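In what comes next, chain A is part of two complexes: it sits with chain B in the first one and with chain C in the second one.
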Partner chain A sequence: MNAALDTIWRGRIFYLFVLPFAALTILFGVWPILLSIQVSFTASATALRPNPTYVGFANYFTVFADPIFLASLWRTLVYTALSVLANLAFALAFAVLLDSTLIKRGNLFFRLAIFLPVVTPDVAGYVVWRWLYDRSFGALNALLKMLGLPAFSGLSSADTAMLSLLIAELWHHAGFYMIIFLANLAIRDKALEEAAHIDGATTWQRWRYVILPQLRPALVINTVYALIQFLKTFTVVVVMTKGGPNDQTNFVTYYAYQLFDQGRYGEATAMATILFAIVITISMSAFLIGEKGAKR
Partner chain B sequence: MSGRPPHRGLQALAYVIATVVSLLFLYPYWWMLVSAFRPTRAIMSDPLRLWPERFDLSIFTEIGRVGGVELWVYVWNSLLITSLSTLLSVVITSLGAYALVRRPDLPGFRLLRYGFLVTIMYPYMLLVIPVYLVMFKLGLLGSYAGIILFLALGPIQFFLFEQFFRATPGEVIEAGIIDGANELQVLFRIVLPMAAPITATVALITFLLNWSQWFPILVISRSPDTYTLPVALLSMNSELGSNFQGIMALAVLTTLPVAVLFLLAQKRVMEGMASGAVKG
Partner chain C sequence: MGILSRFLGAAVVAALSISPAKAQQLTVWHDLGDNGIKWFEAMGAEFAKTKPGVTVRSLSFPTDQWFGRVISALNTDTAPNLIFNNYERVIRIQNQTGKVMDLKAALAAVNDKAFLSEDDLRVATFKGRQIIIPIQRVQMAFGVRKSWLDKNGGKFPDNWDEVKVLAVAFRDKDPDGNGQADTFGMALQAAKPRDLIHMLDLFTFGSGLRHTLIDPDGKITIDQPAHAQVLEEFLKTYSTHKFVAPDTINHSFGEMYQVIEGGRGGMFRVGDWNVKKWDGANVLNGDFVSGPWPKFAADRENAVVIGGMRGIAVPENAPNKALAIEFAQFMLSKPAQQASLENVGAAVRKDLDVSTLSPRSQYFAKAGHKLVAYDFPESIHSFYPELEAAFHRKLLSGISNPPADWKAFIAETAKEMRELAAKLKG
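Showing the complex of A and B:
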């Protein structure tokens, strides 16, 4: 015990350095999370009182019996899977294109064009997209009409609303995944490709057996980041659809937020805890699968 | 691959694809900009027009008030909140990451790092809800201080500093200590001067990220008096019978400062974000 105190005392200057960071992490990270978990075990009506009524797992049972929540959870998982695939496929394809010897002049322009949306305030980007999709103001349908193509119902139809969000979110996020692929492509061992070429490997074989395995780090990082990103999809829903039409874009985060707004704190925080558990489980398994593959 | 000259036809195809995709990505900006200068009725009759009928800045005086608050208040709030939270973030995160990297053996340091990692895994928008309760308990609801403090904590800032300090050669610090420098002198005379470039990168990225923040600001605010431009834009967009031209003008105002800043410092931003992510 004394030895520990001694270590702390001799390292006191480091505790001083870390103090503000620790304070913020605890006040705005650890404490709210614990508070949220605590609230999820209380009756909503008493949640904010000094002495709330604890109801055990009742809120979790309510949530798992709620068909709207189950539909919303399923929708979130489907949307996440589609978004991760679409974003990574697009980002990888574009990174490979820009990294190839085919594009020399203007390379920076193309990178900037794809990356600019990443640093554009998401609210502004999605507001513009919302109106681009609009039936009477939107440029998209005006263009389709000019080309003699059928109209795209965009955000107004239950069939196309999710796709519309996916496109707008791809516009906002794909540039980030692209630069990670580009960074990985830049540090790969090009001599291996030369050797494979000399040995008579086809372009496809070079890709499959030489380049792709070297891109594993970027693939793992991007998959984990994208999974976390799209499981948490929120802003685009608030700006563009408010969960509609017909609940087709009512993802878990938005549904939980709506319940919170209605004062159903217990259920809202139970959903938050569930989503948190899902985010951790999925991203950890993606990470572990990636790591395991790397060792093989 | 590198040795052979590229096929001409293939090269032309690559340029066509890259150009079309890039222009599609840039088109929303152009449409936003043009729409900010065109009356709502003109946009409805011809949404595809690539150039405004006339160059008219009057919309910015027309939207002089949004949600009962002067437009310049939002501009000022954005500048104030973004700058101060960036400054605070750089100071707090650099010191914290430095201490955690230098002495991971100190009691509690490992736990703190895990606590931080768990925090950034938590769905952000759902964290903001209990943060509301915390802010209420701390009496920070509706204050600039509450917003600025909350925005000072971010994952990419921490990872960039952590990565930098881990790569800092220990011999440099050892040498300083042998020369009789105390830890404060080591920090201010040896470590911080070396960390100047990474500090600039972190500051830049934090500014860009915090300028875009909206949900924590909306939740911690009690009235539009502490709203920033993105929050004002969101509330204007949700208003009934929206003023389309006004919304586009406000979107331009929200986007332009960070777009320009990014283009001026693009190399630093893209490299910083890539390496901050790779480490995380």
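Showing the complex of A and C:
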């Protein structure tokens, strides 16, 4: 006890500086989450009253018995998996290209070009993407028509809507992941590659056994961040498809929002809580797997 | 010292005797934006003529924020004096708080209210309580681009067959003359449950029917022959008829307005609040004409739809409730209603000066056409939003993959809705 108090006392300056931010995090981060979890145990009709009726896990049972939620959850997981893979692969490929000697001229321009969408307001970006995909006046179909290619159904078809969102989000987020990879590539030990080269390692072997292990920190951070990002996909759906067509882009966050809009607060917050648990579990697992690999 | 204190005392008495009446402020929360703020300012100035010292301060919130703020304020006894919004939204506030006052006695005390119809009062009453005093009738008419109509005979369509002929012409005959196939017969929306069902409501009620999905007794109506006819044609409008933009399945209000205001849709919904903007030089420049919704059978009378009623409500726990009620009553007076018409484009009185309004605004202000009020099933069936969401989902599946037999699709949908309604009721 005394030892603990002693440790705190020794770090008192640190705790003093951290205190305001910790208080803000508790007030605006932790407290709303706890309140949301509390609402998930109440009857929707009374959820926002001072004395709500508590219904135990009834909202959770309702949510897990709802085929639309289950389909939405599955869709969210599929979309997240595809988006994480696509974003990381694209970002890594571009980072390697920009780090190499292949693009010397215009290197800064390409870095800016890829990163610019990250700082573009997402709503504005997605509105432009929606217009690009528009079947009647969109630039994409105008180009395809000019090239004599068949039209792309984009957001108006259940078959292509999810892919369309994935591409728009790739444009928006990949630059961020690329910057992290680039930073990691810049601080790697190049002497190891030279040594491997002298020892006769092929390009692939140098990549697989020398460079990639050094990129583990960036891979772990990017994977965890991307998992959190895409499991919570919301804005792009609101702006571009509103969950359609035929529910093909109705991810969990948007479905919960729809229920909230219908006054079904209990079920909506139950869904949010389930998603929160999934995000925490998957992110922590990815982080721990990455850390475990680093220790080996 | 004695002289000084007597002098000070006299000065205080004199100051009190010449000070104005005690200042009081009424606060109203609404979602009408700048036009609404101007309207409440104008009404406040008029109200102060008979109530010196009273000021009216209105705050406008985006609709979703308005909900949250009102619910939390009423639940924590920090309510404003008055709240103003659409009937169905006030119902939701009442459901979540139970603290919206019954204004029956307040309305009964208003002498000059003969202009309020039975339908007006129906869409202001919830579970026997007068939860709003109706202030603005929300009228929604069927609109057609006038220049396009003139190129195609100039006759405003009265029935669905005429609408179909026009829709084909607007889509295929380059009505804007730009040499490109970029126009559509209609501008509708479908993305959210309320978007699609709202459009269906307008076609249903406007064509002389009632109860789009469920009637007050809880019976599903969509497969009744007259309803099924409207529903089938409505669904074909989005699919096989190809009357709307291909992306309409993802369109909500914003995108629908882009099609209308961008000059690509030939027929569309015109709300009374749209007219002021659409009369603008950079929007439609007044190039539209409004009328009743088309009828689907010759023996029916078509109408303009009262798609909502905006009204004023008083929270049970509002401060200075007596003055708040007085202001709510005042909002039915001629000066307040005139200000409403001029600032927001809607009112409930029919004796207002409309001479300064455009002919398109006058159409709504005079309300010379048949009016039919929407039935607000959510005020009777608490499960309606959930039922509507399922109905929407089913209709969207039909629009995405049009069935070979729409009649069978409607029969199947009706069966599913009956099962769901029974489950939700239970």
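By definition in this document, the second predicted complex is superposed on the first by the 273 of 296 C-alpha atoms of A that agree within 3 Å, B and C clash if a C-alpha of one lies under 4 Å from a C-alpha of the other, contacts with A are read in each partner's own complex, and residues count from 1 in each chain.
Keep this in mind: a contact is a pair of C-beta atoms (placed from the backbone, for glycine too) under 8 Å apart; a residue touches a chain by one contact, two chains touch by 3 or more.
Note that the coordinates shown come from a computational prediction; the quantities given were computed from them, not determined experimentally.
By the touch criterion defined above, A:87 lies against neither chain B nor chain C after alignment on the C-alpha atoms of chain A. In the superposed pair of complexes, A:137 makes contact with chain B and with chain C alike.
Look at A:101: by the touch rule set out above, it reaches chain B but stays clear of chain C. Within the superposed three-chain model, A:15 lies in touch with chain B and out of touch with chain C [touch as defined at top]. In the superposition on chain A, contact is made by A:48 with both chain B and chain C.
By the touch criterion defined above, A:28 reaches chain B but does not reach chain C. With both structures placed on the common chain, the touch criterion links A:229 to neither chain B nor chain C. Put chain B and chain C next to each other and count what each touches on chain A; the higher total goes to B.
Of the two partner chains placed around the shared chain by superposition, neither chain B nor chain C is touched by A:164.
Residues 48, 130, 136-137 of chain A contact both chain B in one complex and chain C in the other.
Contact residues of chain A toward chain C in the complex are 45, 47-50, 68, 130, 133-137, 154-158, 240-247, 258, 262-264. Within the complex formed with chain A, the chain C residues making contact are 71-72, 75-76, 92, 95-98, 182, 184, 190-193, 245-247, 249-250, 252, 264, 382, 385-386, 389, 393, 396-397, 399-401. Chain B contributes residues 1-3, 6, 10-11, 14-15, 17-19, 21-23, 25-29, 31-32, 35, 43-44, 46-48, 91-93, 95-100, 102-103, 105-107, 109, 112, 115-116, 118-127, 129-131, 133-134, 138, 149-150, 152-153, 183-184, 187, 208, 211-212, 214-215, 229-231, 233-234, 237, 244, 247-248, 251, 254-255, 258-259, 262-263, 266, 269-271, 273-275, 277-278, 280 to its touches with chain A in the complex. Only residues 4, 7-8, 11, 13-15, 17-18, 20-22, 24-33, 35-36, 39, 48, 94, 97-98, 100-103, 106, 108-125, 127-132, 136-139, 142-143, 146, 171, 176, 179-180, 182-183, 190, 193-194, 197, 206, 217-218, 221, 225, 228, 231-232, 234-235, 238-239, 253, 256-257, 260, 268-269, 271-272, 275-276, 279-280, 283 of chain A touch chain B when the two sit together in their complex.
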